[in-house]
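Shared chain: chain A. Partners: chain B in the first complex, chain C in the second.
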Partner chain A sequence: MNTFAGSIRSRGVTRRDFMKFASVMTAALALPVRYTGRIARALASAARPTVIWLEFQDCAGDSESFLRSSHPTAGQAVLDLIDLAYHETIMAPAGAAAEKNLRDAMERARGKYIVIVEGSIPTAAGGAYCTIGGRSAVQILEEVASGAAALIAVGTCASFGGLPAAAPNPTGAMGVRDLVKNKPVLNLPGCSVNGVNLAATITHYLTFSELPATDQLGRPLFAYGQRIHDTCPRRSHFDAGRFVKEWGDAGHRQGWCLYQMGCKGPKAMHNCAAVGWNDGTSWPIEAGHPCIACTEPGFWDGSTPFYRWMGESLLPTPHRPARPQGSLGIGLGAGAAAAAAAAGTAVLIRQRKAGAARPDSGAGDPGSEGE
Partner chain B sequence: MARLVIDPVTRIEGHLRIEAQVANGHVREAWASGTMFRGLELILQGRDPRDAWLFTQRICNVCTMVHALASVRAVEDALGVKPPPLAVLIRNLITAFQYVQDHVVHFYHLHALDWVDITSALKADPADAAALAGSISDWPENSAQQFKDVQDKLKAFVASGMLGIYANGYWGHPAYKLPPAANLMAVAHYLQALDWQKEVIKAHAVLGGKNPLLQTFLVGGMAIPVDPSSPWALNADRLALLRSLAAKGKEFVEKVYIPDLLAVASFYKDWAGLGEGTKNFLTCGELPLDPSGDPRSFAFPSGVILDRNLSSVQPFRQEKVTEQVARSWYHYTAGEARAFHPWEGETIPRYSGPKPPYEHLDVESKYSWLKAPRYDGHPMEVGPLARVLVAYASGTKRIKELVDLVLTKLDAPPAALFSTLGRTAARGIETLYMAELIPTLLDQLTAAMKSGDTKTHAGRMWDPSEWPKEARGAGFHEAPRGALGHWVLIEDGKISRYQCVVPTTWNASPRDWAGTPGPYEAALAGTPVADEAKPIEILRTIHSFDPCIACAVHVLDARGTPVSVVEAV
Partner chain C sequence: MSVTTTALARPAAPRPWTFHMTSFRVVLLGIAGLGIGSVLYRFLFGLSASTNLTDQWPWGLWIWWDVAAGAALAGGGYSTALMVNFLGGDKWRTVERGAFLTSMLGYVMVSGGLLLDLGRWFNFWRPIRFWGYHSVMFLLFWCVAGYTVVQLVEFGHIWVERVPTPRMTRLMHRIYVPVLIVGVVLPILHQSALGSLFIVAKGRLDPLWWSMLLPLFFLMSSFFVGPAMVAIENIVSARAHGRRAPVPVLGDMVRVTGKLMGVYLVLKIADLVWRGELGRMFEGTTASNFFLIEMLIGIVVPGAMFLLPRIRQTVGGLFAASFLVVAGVVFNRANVVFTGMARSVNAPSYFPYWMELAVTGGLIAGAVLTYLFITENFPILPERGAAPSPAPGSARAAG
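Presenting the complex of A and B:
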């Protein structure tokens, strides 16, 4: 009775709506359509897992992404899908009463709860750069992680240290994996994480009782298995040598390639083109701004200056294939097809296969910098 | 006497700690501490000033565009480049949508549970809730059946025994005054607002690719192309989507937020006499609606009010802004009792507080990662109340109408504005003002597009080879939480110093070297505390300011030797 299906039935959600949710999750997870039934059955029977959401050196951007989710909505997640026991930005109690929520959840679900971490963890100055309830972020993370089934780092700061860890990293900021060695830690980088990918990760866990397959950086392949550049709807312009030269010029207005304006899509692994943002309303390249490769480790140092282009060596010429062998990864055919049908499930299946074929694809392979 | 500690203060952005000396059921003295620091100052040093907005935007992402806009304005000021009118219009639209979405989220999801008892909603008769809602609004989602569905959902949630983020709330506290029907109505709208906010903010995705963290600002303009003949630019189709989102935004504000605000406020009129604060108000002005660039002509005019004196609004002068660190965990090489303008300031973190884990801070010494900003030496309140008071006193017609309407409905004198309730009411007033303004902005955008204007970027001064060897600038923005300023120094094409003075740094300021408390600290003095284990009254006043601590501890100054010495750890 204490299940997702039970609680949504009690609020009049139809089976049709429920199956729609399951099919959206199937697509977001880049699974074949035949998995929809399995996901629906799993969601219908799963007890709400206890989730503890910790915020350290954060900007609340990942929490805000969570609030923008549609499948499920934040309201559905909190009331129907998970037992969100602790989340400072939205929880009712404060101070000692809030800390009691944390302790109660850790006791109640010891060994079973999921910890979501937002923001980096400062290790310098004895922990004085981030304290909550008088305890340092390091102390809190160690204690809460010790009883966790698994941890999910949301956003680039919790995944890799992010902005606070950019040179010269004044506070000794680190990502969760730098500190928690004895528990599974999944990374969902992005500045911020796309709420769709967080929801899909939770659904995957509820469905298969395990975390999704990842690349070497701990990023789920369903969301980080393919390069922005290879799925970009402007890719045909890149291949044809049609580039935006100035902001607002004719090419910019006609959707030409942003590479020469500094686009870092060739080194960014993410599914922005496939799932979009805000229910697929848009995403940065669609809206005319270059990709900044925000899902990659060290992107604040590695992608800047943001408006400097990655150089001539990646450019297609009549005598050179568009992609140097081995540096830009996944096949052109898949990329072009993905560009043509950005949001379709079929594309996502293809994406899954491509990702599975290259389990080691990742930011360790940034392509040519050209600078 | 042990000091009451609230840490973490929840339902805010960031890490805030309040310590309060309570005697005879009232706060005698309070201290506000920001407990997180990232040190972005050193990170920005030496970087390309065109990149700065992407860094500063990450200061905080509850209102997700404010530091981006202030940053590009600061660099534009330094380089002497103006964004074209089309870019100004797009920036205005992004700002206005941000106000509407952010303030509604604050009211329902960050502030409402200070006034609304969810457990009482379980006892309500849904028919009573429908009757109450019907008496104040013709919102179609107010039927008895809909309220019953919400109540059934809540009952099932409570029966599950897993109360999640609602466990251990201060439910049943005697300070809750709403009848069960009003509580049920408010809880239903809390859930509706959660779904509504993700829809209305799609306007940011249309104009900036995504929300949070729009990716569209540029020094000199905006990256979103405008072209009625292209599917890859802002065109008639995207305009139509913006119009429908604007209508959705305005309808909810008119039919749900404002009626709820007035209904809830009518049960808490005693809070019109509590939580005043510093009596000083500052706004830098926002939404340039005409080409003059004079901040006194903006939708929210700039201005300064001292000691509640509404008959004399003084012009805001950025040269009068200074920051002090006498009670903050920083060191000034020239001495602690100094105050520096942001172009002159320095930031040397030097933690001297207790080693974590700790029970209490040493509030007689340094106790916060926030600096203490002062205007002409005075602590200032910024935010909705400051904007509304300055506009009211400056004679902004629509604001005056709305303020008078609210005061009449609540049967309250203008002095009631100087309070916790006044702050919360001012936020509602300006939300409606912005929701009403958006259609006009869209009309302007439509007219500009019809005239053939596609110029979204200035063109000049993009290439660093055009820049002067040295330049300095300041950029201002009225964020939903208040006046925001960025100051930048550029040398040889690189940032040599960058400093922000941020809304919550003003409001959550610690004491200065003279011992003068900041606005939170002043506002809490005299606050009743019926039960020290459940200090809901303190939360009401703190939440009325809508804190954002990640913003407040930004610290982006970049001159001088980076020193991070930690004493007593």
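Presenting the complex of A and C:
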């Protein structure tokens, strides 16, 4: 059966585990509990979308991030949720056979397949820094993206350029959104991407037939809508001014705030505190290490040195509110202003004319009448 | 068509409505239009699209100006009503109607500001159906909504003089006194509730402003800013209409408020001493300097001016002192909403988006236009040589 439910049932996953997965996805998407049933129904019946997974200047860390998850529900599910037609690290074919796989998948699902991109795309020297099968990463991306329904950039490299784009950026590394302009591109930055968020994004797509709502950087709001700093379990120590001053000092052992040790939580948007890593076991700040803001544009240069604190004034990610149809707002305001002023002017002119014809009125003081 | 009325003998046939257009009013119409367009956009696309508010700065220009400052400045209505009708200040009755009108328009603006500030504005009716009576907001909603209705009824009393409908007139006269009483009680409740809103911000709001007495401070300042607003309004409209402002009446009123401001000042300082925060005033930080400015320029100086007969009995002195009081109270609300919060809000400073300014400007322009229309068509302002408006029951229309 070519559905998610069929796929996992054939591998012996129980109904109970399936429902558990649906509820984890509901929670990750920050939806009310009552959506669990709807998500479960959608997952059980939706046809698995064809996915082409491209790797460019990467470390395969994003693939590792979800493949290594031992939980039966998150990482494994990503593979079960989708019909993964091409993935260089885990597919069996090699060489010409692998290339044929890619072309076949593109033909079979043209206009419908999803492209997941891992790693940045080098643009310097005509794209010579990364070639696969004799073609440059830029060419491959352009070709595969042309037939895609949507693209998902996993990891900070594919989203914003990431590590390869750190100064002096010799390869001219760029993120997917810098290059693909005519298709929807979703960014799931992070070094690496959290498998739960990838699974939740695909779940959202299968359940609601659309990509989740994003911020201005194309990051889904369910995962990147809140600052690390605002959901941090150590936040009360920050507010109370209790800071770790040195590794292993009394405050560090007490779990105090890591801000003065270089924590970049105030400028990082991610749901680490909610979903955790390693199957929800822990995450950096909970484990005693500062956040390095790996989900933000400009990571790496913007976050280094990791252990230098951000200073007295907290400078979070500049909050640029989404203003849909901003020009409509200007139009509405200016139009209503012009209409009101024009109507007033028309009355004014008529009054002046009438006043000129009848000199005893129009003195300008309505209260003085009859005096 | 020709004008045949006199100030004393009003015709039985209704006068035609007038709205004398001037270039100033055209500009106001334009600003109001811009505001309406922005309001539409805000209702369609939400707060994050139309404002610079964030999770860190959830309250901005609208809460400060349209709600906190607007409600305080509209305090002229209830403080005048209280002084004229219940504290035996019948001699001040000439300015009562003007105060009512300003206050009513102020409250319509406050209600508008509150509605705009609701994230899901279309749920505004829910406190009517679902009683969350543990919430300060619930009290605030009911008092503001109730008082706005009361003010409309108070205005209805003036309306029936202009548009005679016998049954309405009788009803209006019958309910006038109860409505007046409710109209004094409700604002006392909600002005203090506005202060209570910030009690929950303990630890966030700077201790210079945070106090368990905040409700009382908000109430007192809204009371003493009232006569100052009435004075400014009377002086400005008298000048605009070429009349003489009723300075003796106004001067007499602000003498009372001058004393109240003295009590407020003593209470403020006593509160700081009792909480052990007096030294904060002189720390030299932005907050402490703003606090000093607020107390000196907004309370001490105008309070003294109000208490000196030589100053309060001149148009210039009265206007200057009243202006300082009004500015001081507006500054106080800004300090509670912004200055006192800045230290504990870990986010870049907030500055309103242009649409926020356009909406606030539009609300003010709309209120001014409505004020002009009503004063042009209804007997509101004290007339030169005319007797004070008679008490309810005596038939003005017959005079």
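Just so it is clear, the second predicted complex is superposed on the first by the 296 of 371 C-alpha atoms of A that agree within 3 Å, B and C clash if a C-alpha of one lies under 4 Å from a C-alpha of the other, contacts with A are read in each partner's own complex, and residues count from 1 in each chain.
Convention: contacts are C-beta pairs under 8 Å (C-beta built on N, C-alpha and C of every residue); 3 or more make two chains touch, one makes a residue touch a chain.
Computed from a predicted model, the values in this text were never measured in an experiment.
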Legend entry - Partner touching more residues of chain A, whether chain B or chain C: B
Legend entry - First, second, both or neither for A:Pro297, with chain B first and chain C second: neither
Inset, instruction - Have a look at where A:Asp230 lands relative to chain B and chain C in the superposition and call it first, second, both or neither. - result: second
Legend entry - Partner chain in contact with A:Ala85 - chain B first, chain C second, else both or neither: first
Inset, instruction - Pick one for A:Pro220: touches chain B only (first), chain C only (second), both, or neither. - result: neither
Inset, instruction - Going by the contact rule at the top, pick out the chain C residues touching chain A in the complex. - result: 3-7, 18-23, 25-27, 29-34, 36-38, 40-41, 45, 48-52, 54-55, 203, 241-243, 344, 346-348, 353, 355, 358, 375-376, 381, 383
Inset, instruction - Show which residues of chain A lie in contact with chain C when the two form their complex. - result: 229-230, 239, 266, 314-316, 318-319, 321-326, 328-329, 331-341, 343-345, 347-348, 351, 360-362, 364-371
Inset, instruction - Can you check the complex and tell me which residues of chain A touch chain B? - result: 1-2, 6-7, 10-12, 48, 50, 55-61, 64-65, 67-70, 73-75, 78-79, 82-101, 104, 122, 124-136, 139, 163-164, 166-171, 173, 191-192, 246-248, 252-255, 277-279, 281-289, 292, 300, 304-308
Legend entry - Residues of chain B that touch chain A when the two form their complex: 5-15, 17, 35-43, 47-48, 50-51, 54-55, 58-62, 64, 105, 109-110, 113, 118, 149, 152-153, 156-157, 160-162, 164-170, 191, 194-195, 197-198, 201-202, 204-213, 215-216, 218, 220-221, 223-227, 230-233, 329, 349, 351, 353, 355-359, 454-457, 459, 462, 533-535, 539, 550, 562, 564, 566, 569
